[in-house]
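As C-alpha cells, here come the structures.
You will see chain A twice below: alongside chain B first, and alongside chain C after that.
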Partner chain A sequence: MKKRIATVSLAGCFGCHMALLDIDERLLDLLQSVEFDRSPLNDLKKFTRRCDIGLVEGGCCNEENVHTLREFRRNCDVLIAVGQCAVMGGLPVMRNAIMHSEDPLRECLETAYLNSDKIYNPSNRIPNDEALPLLLDKVYTLAEVVKVDYQIPGCPPSGDTLWYTLSALLAGKPVELPYELLRYD
Partner chain B sequence: MAKTRVIEIDPLTRVEGHGKVTIHLDDHNNVDEARLHIVEFRGFERFILGRLYWEVPVIVQRLCGICPVSHHLAASKAMDSIVGVDRLTPTAEKLRRLMHYGQILQSNVLHFFHLSSPDLLFGFESDVAKRNIFGVIEAHPELAVKGIKLRKFGQEVIKLTAGKKIHGTSAVPGGVNKNLSTAERDYLLQDIAQMRGWAQEAVDIARGYTLEHMETVRGFAAFNSSHMSLVREDGAMDLYHGVLRAIDASGNVIFDQVDYREFNDYLMEEVRSWSYMKFPFIKRRGNLDGWYRVGPLSRMNTAGFIDTPLADEAHVEFRASTNNQPNHMSLAYHWARMIEVLHCVEKIDELLNDPDLQGDELLLKGERREEGIGVIEAPRGTLFHHYRVDENDQVSFCNLIVSTTNNNEAMNRAVTQVAKAHLSNRKSITEGMLNQVEVAVRAYDPCLSCATHALGQMPLDVELYDAQGELLERKLRS
Partner chain C sequence: MSKEFTFEIDGRLVKAVQGDTIMQAADAAGVYIPRLCDTEGLEPQGSCRVCVVKQNGRSVSACTQPAIADSKVENETEEIQGYRRNLVRMLYHEGNHLCPICEASGRCELQAMGYRLGITQATKYPYLQPVRPVDASHPDIVLDTNRCIFCGRCIRASRDIDGKHVFEYVGRGIHKRVGVNGDRLAQTNVELTDRAIDLATCPVGCIIQKGKGFFAPIGQRQFDHKPISLGVAAVDPEEAE
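Take a look at the complex of A and B:
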C-alpha cells in the first residue's frame, strides 16, 4: 500500500513547497511509494482519508491557519513542521516584536493602508470585510498550537533535506539529519 | 445580510498562496459581480522599519518562495541607490542578470508544467484526481520530466549565482559578493543545448494549445486593458532593467521612457475594504479607468522586439496572431510565458560565454543617499520596491507594489467574466465549473502571498449572493 502525504502552506512563503519540488527527478521515485492527499500541488481541497505524513509550512497568523493546522493534526499520523516559519515563526513573526508598540498588529495595518500619500483610500478604512479571516494578535509557531512530531529547520530546508527526511520515514527509520543538512538559513 | 447559500473553493490550489472569490447574483440567479479576495496580511511594510538597510535584500525575499530572486534583486537595486551606486561593475550586473534569467526560467516553467499543464492537457473540467502534476507524470512522463529538468536547470543557475536555490544571498548593496567560477560555468554550459531544445518544444506546446483552441481562448477571460512593463530604451524586452512603458488597449502609448525612480508620479494604489491586496492605477487615467495588466502577456504587447533570435521569432509569431494589435486574452499568458523561457535560455547561454562573469570587481561604493527605488520585471510582472533609510542606516519608509498586485483588477475581471459565463443561472454547481474560475485566476500565475506583502495563503471561497444580498449557497468544494 502506498503511503499518503498531505501538505499545506499556512503563514509561509511557499519556499518550503518549492524545496520539496527541488527533489527534481526523485519526484518520480517518490510517487512509486507515495500518494498525495490534500495539497496545494493538486486540487484536493480537503482530506480524503487519513494520512501517514503531514507536511506543514508556515506558522499561524490568522484563525484559518489554526483551524487548518488542527485539521492536519487530526488527520495525520506524523506531523512535520517544515522550515523556519513553522518551527519558529520565521519572517512573519517579526510583527510580534515591533519595539515600543502597544499594538503591533494595528500599527502594521495602519502603515499598510492608511497614513500615506501613495494610497487612494477616501473612506480611510482598513480592509475589514467579513470575507477576511480574523488576524491573530500575534504569529504563533506550530508547536504552540498542536503537538508536532518533527521540526525540520532551514529557510527553506533543502530538497535533499526533505528527501532524506521522507526516505527515512517511509522506510520506517528514525530521522537523523546528517550535520551538513542541519542548517538554519 | 443573511447568508443562505455559499460555494467555497478552499483553498485555491495550483497557485501560490490562498484566494477567495465571492460571486454576487442578481434576481435571476445571473452573476452580477465576482470578487477575488486576498485574506492574508503580514505587515511587512511596518516591521521592516528600523532594520538595517543591508539586511533588506535577504529579508524581503521571504515574501515569496517562488520568485525570491526578484525581491532579492529589486531590493538590492534600491539599496544600490542608497549606497550611491547608479551603475554596477559589469561582473556584478551580469551575475545578477544571470540569476534573474534563471529565476524567470524556473518560475515560468514551474507554473506551466507543474501547476497549469493539467488544465491544458486534461481539460478544465477533467477528473480532479488526475488534474495535477502527479497525473501528468503518470500520463505524459516524458513531458513531465522535461518540465522537471528545465526547472531544475533554472534552480541550478540560481544556486550557482545566488548561493542557494531558494533565498540566496549574493546580491548586496552596490554589487554582488561572488562571481561565477569557470567550473560553475562549465557545469551549466553542459546542459544548455538540451535546455534550448526543450524550451523550443515548450513554446511549440503553448503556441499549439493557443492556436488550436482559439475559440476557447478568445472567449475565456479576454477583455481589453492597458498594459505596462519595463522595456529597454530602444524598446527591446528587458526583464532586468529599463524604462517604464504603458500602452492602452489599442496599443497607443500612455507613457514611455519613464525613469522608474519617478513611478510615484504615474501610479497610485487604491484600498478597497474587501481585500488586503490594493488596486494600483495609472494616476492620469483615474482610479476607475487607470487599471492595467502586467506580466508575460503585457511584456509581449509592450516590447517592440526581443534581442535574442529564437525568442524574437516566437514574439513575431505571437504578435501576428492578433494582427500586431495588443493581445488581451488571459489564456495567451501561457504562450507568452514560454516565449520568455526560451528568451531566458538564450540569455543564459550568452552570459555563460561572457568572460566578465569571471571578473573580480564585484562591489562599488558612492555617496550615501536617503532614498532608493528598485524596479524589475519579475516572472509575474513589474515589481516596485521603494525605501528610505535614515542616518543610522535604519529603514524609515518602505512601500512595495508587487507584480501580482498590479494584476488585481484584471484578475477580478477575469473571475467575474468566467463566473458569468459558467455559473450564471445554474441549478447546481459542479467541481469542474469551479475549476474554470480557478483556471482564470491561474492564467495570471498569481503570487498571492507576495500580493499582500505576506507569506501565506488565502482560500478561494465562492459565495453566491442574490439581489437582496442574501447569500444563496455556501458549498465546500471537495
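Take a look at the complex of A and C:
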C-alpha cells in the first residue's frame, strides 16, 4: 500500500517546499510509493485520513500555526520539522530578540506598519481585522509546541537531503544524515 | 631532559613528554579531540568542556589535564560524544544562532562541531534569545556578542599576544558577556591587524571584519565537505586575504 504524506508551511517562506521539488525526476519515483494527502502541492486543505509522514515547514508565529501543527501531530505517525524555521524559528525568530527593545512584538509591528518611511499606510493603523490570526507573543519552534520525531535542518534543506530523509523513512530506517547533507544554512 | 612516556587514547598508543596536556600529546600524535575554547597559540582556558575525555574513567578537560603515563583515555566513545552533543546544543540555545544569515556560516567552529557530532535531534532546552547591543562603531570591525560562546579566545589573544586588553568579560552569571575596554570599539586601541581580530580567533560570528563576510561561496567553505579536525582549520588564511 502507498504511504501517505501530508505537508504544510506555517511561518515559513515556502522555500522548503520548493526544495522538495528540487528532488527533480526522483519525484516520479517518489510518487510510485507515496500519495500526497493534505498539502499545498495538491491544494488539499483537510486531512482525508491518517498519514504516515507529516512534513512541516516553518515555526509557529500565530495561533493558527499552533492549531495546524497540533492537527498534523494528531494525524501523522511520523512528524518531521523541515528547515531552519521549523527547527529553530529561522528568520521570523528575529522578532523575539530585537535589540534595545522591551516589547519586541510591538516594535516589530510599529516598524512594519507605522514608523518606516518605506511604507504606504494611509490608515496609520496596525492591521487588526478579526479574520487575521492572532500573533503569538514570540515565534516558537515546532518542538516547543508538539513532539517532533525528526528535525531536518537547512535553509532550505537540499533536495538531496529531503530525498535521503524520505527514502530512509519509506524503507523503515532511522534518518541519520551523512555529513555533506547536514547543513544549518 | 624531560621524561617521555606513553598512554592510550581510544586504544591507540600515544607518546607524551612530562607536562604535556592530553590535548598536546593527542595533537602531536595526529589524534583529534573536539574543542572550541582551545586553539593553537593561546593558553588553554578549559571552559567550554567540549574536549571532555575520560582519563582512567574520570571526566576531565583534555586541553588542561596533564597526560599521565600508562593511562587510558576515552575520546570518541558514544557516551562522550553524547556529552559533547549536549554541550554544543546548549551553546546554540544560549545565543542567537541564525546560521542562514550569519557571516561566519561555513567557517564557524560551533556550526562545524554541530555537523561533526551530527546534531539534528529536537531538544527541550529553552532558547535564551539574548538582546545584547551590536557594536558597529569601529570603521573596520563589528562586535555582535549575541553569537558569543564565551570561549575567551578574543580576551586571551588581546591580552597575551596583542598586549592590549581590548576584550574582557563583564557582568556575572547569566548576564556575563564580552565587553570592550572603552564605551564602544571605536574608543579602544583595537586594530584590524590584532590577533584578537584575526578571523581564526573568534570561533563563531561575533568579531566580524567589515567587508569580509561571505568571502567563500557555498560549496567551497572550510567545512562544506570535511568535518572539523586536525588540519581542517576554521579559516583558510588564503581565502581570507
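Simple rule for what comes next: the second predicted complex is superposed on the first by the 177 of 185 C-alpha atoms of A that agree within 3 Å, B and C clash if a C-alpha of one lies under 4 Å from a C-alpha of the other, contacts with A are read in each partner's own complex, and residues count from 1 in each chain.
By our rule, a contact is a pair of C-beta atoms (placed from the backbone, for glycine too) under 8 Å apart; a residue touches a chain by one contact, two chains touch by 3 or more.
Quick caveat: nothing in here was measured; it's all calculated off a predicted structure.
Q: Can A:Met94 be said to touch chain B (first), chain C (second), both, or neither?
A: both
Q: Touching A:Ile119, do we find chain B (first), chain C (second), both, or neither?
A: After superposition on chain A, A:Ile119 lies in contact with chain B alone.
Q: Looking at A:Cys155 after the superposition, I want to know if it touches chain B, chain C, both of them or none. Which is it: first, second, both, neither?
A: A:Cys155 sits against chain B and chain C alike.
Q: For A:Asp185, decide between first (touching chain B), second (touching chain C), both and neither.
A: both
Q: Touching A:Pro133 in the superposition: chain B (first), chain C (second), both, neither?
A: first
Q: Looking only at contacts as defined up top, I'd like to know whether chain B or chain C touches more of chain A.
A: The larger set of chain A residues in touch belongs to B.
Q: On the A-aligned overlay, A:Glu71 touches which partner chain: chain B = first, chain C = second, or both, or neither?
A: neither
Q: I'd like to check the shared interface: which positions of chain A are touched by both chain B and chain C across the two complexes?
A: 90-91, 94, 97-99, 104, 155, 185
Q: Which of the residues in chain A end up touching chain C in this complex?
A: Where chain A meets chain C, its residues are 81, 84, 87-91, 93-94, 96-101, 104, 138, 141-143, 148, 150-153, 155, 175-177, 179-180, 182-185.
Q: Give the list of chain C residues in touch with chain A in this complex.
A: Against chain A, the touching part of chain C is residues 92, 96-102, 105-106, 111, 114-116, 118, 120-124, 127, 129-134, 146, 218, 224-225, 227.
Q: In the complex of these two chains, what residues of chain A are touching chain B?
A: 9-19, 21-22, 24-25, 27-28, 31, 36, 39-46, 58, 61-62, 64-65, 85, 90-92, 94-95, 97-99, 104-105, 107-113, 116, 118-121, 123, 125, 127-129, 131-133, 135, 155-156, 158-159, 185
Q: Hey, which residues of chain B end up touching chain A in the complex?
A: Chain B residues touching chain A: 9-11, 13-18, 20, 22, 35, 37, 39-50, 59, 62-66, 68, 110, 114-115, 128-129, 131-134, 137-138, 141, 145, 148-149, 151-152, 155, 164-167, 169, 264, 268-276, 278, 281, 287, 399, 435, 438, 449, 453-457, 459, 461, 463, 476-478.
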